[in-house]
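The following pair of complexes shares a single chain, chain A, combined with chain B in the former and chain C in the latter.
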Partner chain A sequence: MLEPVNVSLESLNLMTLAPMLIPIVGALLILVVDLFKSNIDKSLYVMLSILFLFTDFMALAGSSSAFMQNGTLLGLFDVMLVDGLAIVSQFIIVVASMLFIPLALTSKRFHEFSYPEFFALFLFMIAGFQFMVATDNLILIFVGLETASLSLYTLIAMHNREKSFEAAVKYFTMGALAAGFYSFGSMIFYAVTGSVEINQIATVLVANGFSDIGFVMVGFAFILASFAFKLSLVPFHTWAPDVYEGSSAAMAGYMSIVPKIAAFIVAMRFFEFLIHSGLVWVEAILYVFVVVTMTAANLWALVQTDVKRMLAYSSISHAGFAMAAVMIGTTQANTALLLYWVLFTFTNLGSFSMLWISRQKKMLPGQNSDHSYEKFAGLVQSSPMAATIMALFMLSLAGVPPFALFWGKMYLISAAVTSGYTVLALIMALNSAIAGYYYLKLIVYMFMKDPVDSRYEKVIGSNLSLSLKTIIGIAAVGTIFAFIAVDPLLQAIGGFVYNSGY
Partner chain B sequence: MEKYLYIALFAPLVSSLFSALFTAQKKKQFVGVIASLLIFTAFASSTVLLVHILNGGEPIHVTLMTWMATGGLNIPFGFVVDEVSVVMMMVVTLVSTVVHIYSNGYMDHDKSFNRFFAWLSAFVFSMMVLVMSDNYAGLFIGWEGVGLCSWGLIGFWYNKESATWAANEAFIMNRIADLGMLIGLFLVYWNTGTLQYEEAFAAFPGLDHATLVWIGIFLFIGAMGKSAQFPLHTWLADAMEGPTPVSALIHAATMVTAGVYLVIRSHPLYDLIPNVGLFIASLGAFVAIFAASMALVNRDMKRIIAYSTLSQLGYMFAAAGLGAYWVALFHLMAHAFFKALLFLGAGNVMHAMHDELDPFKMGALKEKMKWTWIMMTIASFALAGVFPLAGFYSKDAILEVGFVEHHYIIYTVLLVTAGLTAFYSFRLVALIFHGEDRYTLFGIHPHEAYKFMLWAMSPLLILAIIAGAFQHTFFELVEEALNAVHYHIHSHVTLWIMIIGTQAFVLASIFYAYKKYARKGIKVPDGTSETEQSFLYKLLYNQYYIPYFYDEYFVKPYRELSSIFWKKVDLKVVDATVDGIAKVLYSTGSATRGMQSGNLSTMLRWMVVGLVVLLMIAVAVGLAARYSAELSQFLAGLGV
Partner chain C sequence: MEHIITANPYFGVFVLFVLTFGAFTATTIIARLASRALAAKDTEKIKLSVYECGPEVTKQPNRLSPQFYLFALLFLLFDVEIVFMFPWAVDFKVLGWFGFTEMILFIILLAIGFVYAWKKGALEWHNIK
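Moving on, here comes the complex of A and B:
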């Protein structure tokens, strides 16, 4: 006879679930509202989403103060794990989402925003990402990952263009393959250790001294392959440029930030105990991935003729850059990664939003891609403000002081140097130099060339509305005044990371 | 008291930033008014500080924040108000206030009115940092700051080719000297481990003599640049391209005296190395007569005054070099008053004459511009050192120093220069204000300057007259700080002969200048007269051919060399290498972009390829680990 299961509600610690439940409730509410009254203006849904995201933010603030007092929280049969990494990454996810969602309020009408499902899916996706980062249970990570990914595929497809469908299908197919890799990897680790919790796996493996190193390596290969897909590390990156091109610019910017931070957190949790256990091969493989991703993506970005594709490749390169921190694995490096990503959020969201404001519904005759360099030629003559702001974001991406990403790059490279990775630091610096070329290329087009076609003048900024201006303004302020925020940010993030034991 | 220090220091900065807000806009009168008020606030605070110090208060020392702390280097942003800096602060803020108010009228019709005040106030702030800093690093920041502002103000009318050229010349010339200054600072830091004045001065007596000499020389090279001493003097005359209020403030009263200030501030150093001091004094005396000689024949009103400034700076260095730091500082102060007055007067004349600078084309302006005439005459009397005006006390003191210290050559040179000074000053006054009217010929209708401009100049006028009366107070003020001693000539007879003799010589020069240039029938020189054909005239008129020499032997070869480096080294080696690297990278990108075919099957294949490679490594590692015993046996069999 089975024992009756007795669980006290307090031991479940349901508060750990609150930040994920809020967007889910929000999503359901949006669906219910639509059920009762359809054809409501999209601005209501935008506002509802912001409201729930803001509540989510407050809940996170609550968790973070609880973390400060009591340290890491466990909940729901120890499945939920609310540590510093989880909190910081959730902050990044929620804030980036709050910055993204007002971009729906464009002056032109776009297909996807007329569906309330768009917003519901969006909130489900956020909940998925939040689950991913706030657990060390491989199954829950998988559930979170799939929730988020499936929503994301749909969001991309809803852009309702031929290229979007193509992108969504490609992304879906490859994502399915990656999910397969992930479950294979998890299975192997379960077989070897008898647990699906990362800390348990670590304990067992360390206890038996990695006696089954071959199996561990096979499991690692599968898991790495699946996360390399999510993080778009070369050669698992092939989806990224096509998907970025297929989705709307705002969505592309969002994709370059939020899914990746979630994946980085899981990668940190999973790979760092392997590296710290002294598995040289793990480190060597990651090293190769980091270097190849940074360098190859940079070289491809050089030869792009479309700004959005260039930014897609540059995002891949940035991901490789940040992956270096996971590989180094010290507290300083992890802190630097999170700082880098916070700063990257502002800059990259800003630069993709600048593309978003110039979105055309139909391409002009003779135009090959949505955001070709030619479109921006001589922009300074027609709208100097737009050109200046775009240049600002480009300079920040290139790591020119004192703009935001300079600090991220500086701390990351210094983390590499202090941990003795001098060659890696050198490669990172060289890659930043190469990257400077294609960012400055856009600036050269905007400031030094003459307009190619006067019709482009009308296109730039045609999608602009007050809410887009606000978001771009926030991104620009964040980029310019980063130098003030860097130190406090570093202190705060460093505290969270250190107290979580990473 | 500290709050007054902060007000005095930061009011000019606020003024500059405020004015800078409007630089891109049309003239706004309130910008000038508010800037003037803020500078006046700084002046008022400096006055409070002066009273505090005069009443025997302790020097005020504050540390704003740590600027740099790395390893053994610790440089705080520290400021000090002591007897020396308070005198400089008074001079700077007073002349700045006058010049700011005056500029409201002078720049009245300029379309960059707002920008002018932004630069001018920025200059005042930099100058305050320079004089108030309690360490060499802060002094150097101010030093560079005034250099930058001077560049911006000389080249204020940037669409004038000659103005931008002069601005660049001043800046570059100063850069050369600043290198010397920097080396001096490095030496100080290297040998004493600190840049704070007090700590460095305490450490100097422990250093060996040669080191001190080098420090002294390099610091003085910096001073030579800023104070335009030979051979770095050419920029000062060219700097007259800037608006006249700028010349009055920067190139007469304040910035150019920064070099003298540096020597005075570093007096514990120069006390230890009298040889270098003697060199400074000799160079000063040489510059005094050298510059005065060029002023004798020049035909540009502002350049004449600029050469006179140069000559007076020579006097200051002569005094400082002989160890009479308080006399140098006193002359610095007195000179600031009457020279600024002279420049502002010249500004009035320029305005009246529609920017005509040749005094030969003026004449008889005293009827039209009575007050300007009076002011410039008194300023010239003060400059010439006529009793009882300010210049008499300060210049006479310098001559006495030379005499008492038994440096008779220096004394004689300076005495002759005093006569030359009197001559060229009154040549200018006579040509501008006396004689017969020569301007109607050129279709000019002069008019007196605005009333408020004249009122603004009046404090300078009063000080030019009475500053000498403060000599005793001044001596007591700086007595302790500068180890001041009175220079007494023991024999009364000698003293009286000297004073009366000097005065007679000066008055005779003035009389001669009047006689020669105030008469009727003066013609605008056309290069035909006998004097103009003479070798001496040509030599002086062409500034001893020094600018020509510099152009021929420094600028041109340098340009030639640069061009060679550009065409041969940069284009053929550096550029080619960089382009080559870029081409390699670019073509690698092009060659491998085939990976991105957009074909889903290919993309999936790439993923699988990646996984397979990873798995192969994993399997290899696993096998190697499992069969490590056999493997090592096998390898041992192979003899590895």
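Moving on, here comes the complex of A and C:
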């Protein structure tokens, strides 16, 4: 006879699971509410989502204080791993989602927000990303990744334009390929080491001195390719501009932040031991990826005629910039990456929200793209406030002091210099200079040119509502007053990262 | 309850596999024969041809209502539930309270899915909201 299974609840450590369960419960609740009373106004669902995200935030605060007392927590048969990286990245994910959700309350009616399923899928997606960062089990990472990605494809397609279907299908095909690469790479690492936990894999590989180097190389190539798809690193970036163009501006801004931070955390966990293992080629490959992504995306952004596509290429370039921190792999660099992403969240969400307020239902005759530079020409004459805020976000993205991203760039470059990557630091600085051109180009259009077409005046700000104003205000305040927050943020993030051993 | 001891621990699974395969094949063949025997056969040529002006059309050999796919999905919902519940019921005492809570949670999640399908009208023929 078999022994009875005795699992005590304490050993499961259900606290580690609480932050993921809250959005799942919220999503189910939203679905059930819709069943019993349909056609409720979307503002109820927006408020419910914010409520659950806020509860999630409080649960995270609870686990962060538990982390400060007891260190890294394991839970649910040691599958969940709540360390400093998991906590900081979940904070970024939840806060960015809380800033995104009010963008649904636009003054124009949009198709996707009338469905409660939109908000349910959105909460499921957040749970997926949270699972992805709070584990070092390759299988759970895969499950989280797929939960999040499949919801995201649907959210893009729900925008209900011809271009958004195209975007969703493109993203789906690329994402499926990336998922295949990921599972194949994990399979190889499992075959070599007999474990699906990243720290176990590291222990086994280091113990036998990377004797199966051929397998490790193939597995690394597959895993790197899948992360490169998710992080849109060149040459796996081709989906990004089309997908950003096809989805709504708010969703595009969200996509440039949250999926990438989740992928960065997993990449950090996975590449950490490979970089410090003394394998020269790992570093060389990542170096090439970083430099090519930063430079090529910047050069493509120079020639774009559409502001949204320009911002898409710029966020590819920023991803390459942040990937440099994963390659350097010191505590300082990892801290700088997380700081960079916190600041990037405010700035990039703000700049995409500025595009969202000028969303047109129909294009004017002779207009080729939704957010062309001409649309913003002479904006300062018709709406000086909007022009100033847009310019503020652009300056921040370009890295002009004292705005938010300047501090992120500074800490990242100084981390590179401290670790002896002087050439890389130089390339990063040069790239920031190149990037200045296309950000300033928009400012020149807004402040120094005359309006091309007077009809554009009515379009800009036509989608504006109180909640959009609030979000843009929060983003602007975060961008301007970043210099106050940078030091305490750096202290806090540094503590979290250092105590989890990265 | 005693577990039956076999030489290989997976022998029982193999037997189940063979039985399932046989049962599946038999069911399909019986369904095919029965529908062939029972269906009304009116093979008037013009009646069967598809109306189209000009080009010759190729006839789809078997057309299925999409409703069947929905039913297949719903069937899967309960099928997987049963597949999961049988081994749980056999080892109920071994799994203890932990197994019990896990199963309750699983059933609650499935029940939400069931209520969703029901309220959306997926259980009614040709009435998908």
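Going forward, the second predicted complex is superposed on the first by the 498 of 502 C-alpha atoms of A that agree within 3 Å, B and C clash if a C-alpha of one lies under 4 Å from a C-alpha of the other, contacts with A are read in each partner's own complex, and residues count from 1 in each chain.
Criterion: a residue touches a chain if its C-beta (ideal position, glycine included) is under 8 Å from a C-beta of that chain, and two chains touch if they have at least 3 such contacts.
Just so it is clear, the structure is predicted and the values come from calculations on it, not from any experiment.
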Original post:
Just chain B (first), just chain C (second), both, or neither: which does A:235 touch?
Top reply: first
**OP:** Based on the superposed arrangement, let me know which partner A:142 touches: chain B (first), chain C (second), both, or neither?
**Re:** neither
Original post:
After lining up the shared chain so the two structures overlap, which partner does A:407 touch, if you call chain B first and chain C second: first, second, both or neither?
Top reply: neither
Subject >> Partner chain in contact with A:5 - chain B first, chain C second, else both or neither >> reply: second
Original post:
So, A:28: does it touch chain B (first), chain C (second), both, or neither?
Top reply: second
**OP:** Quick one: classify A:173 as touching chain B (first), chain C (second), both or neither.
**Re:** first
Original post:
Where does A:91 make contact in the superposed view: on chain B (first), on chain C (second), on both, or on neither?
Top reply: neither
Original post:
By residue count, is chain A touched more by chain B or by chain C?
Top reply: B
Subject >> First (chain B), second (chain C), both or neither touched by A:340 >> reply: neither
Subject >> Residue ranges of chain C touching chain A (in the complex, touch as defined) >> reply: 91, 93-96, 98-99, 112, 115-116, 119-120
**OP:** Using the touch definition up top, name the residues of chain A that touch chain C in the complex.
**Re:** 2-7, 28, 31-32, 35-36
Original post:
Mind pulling up the chain A residues that touch chain B in the complex?
Top reply: 169-170, 173-174, 177-178, 181, 212-215, 217-218, 220-222, 224-225, 228-229, 235-236, 238-239, 241-242, 281, 285, 296, 299-303, 434, 437
Original post:
Can you list the residues on chain B that touch chain A in the complex?
Top reply: 582, 585-586, 588-590, 592-593, 595-596, 598, 600, 602-604, 606-611, 614-615, 617-619, 621-623, 625-626
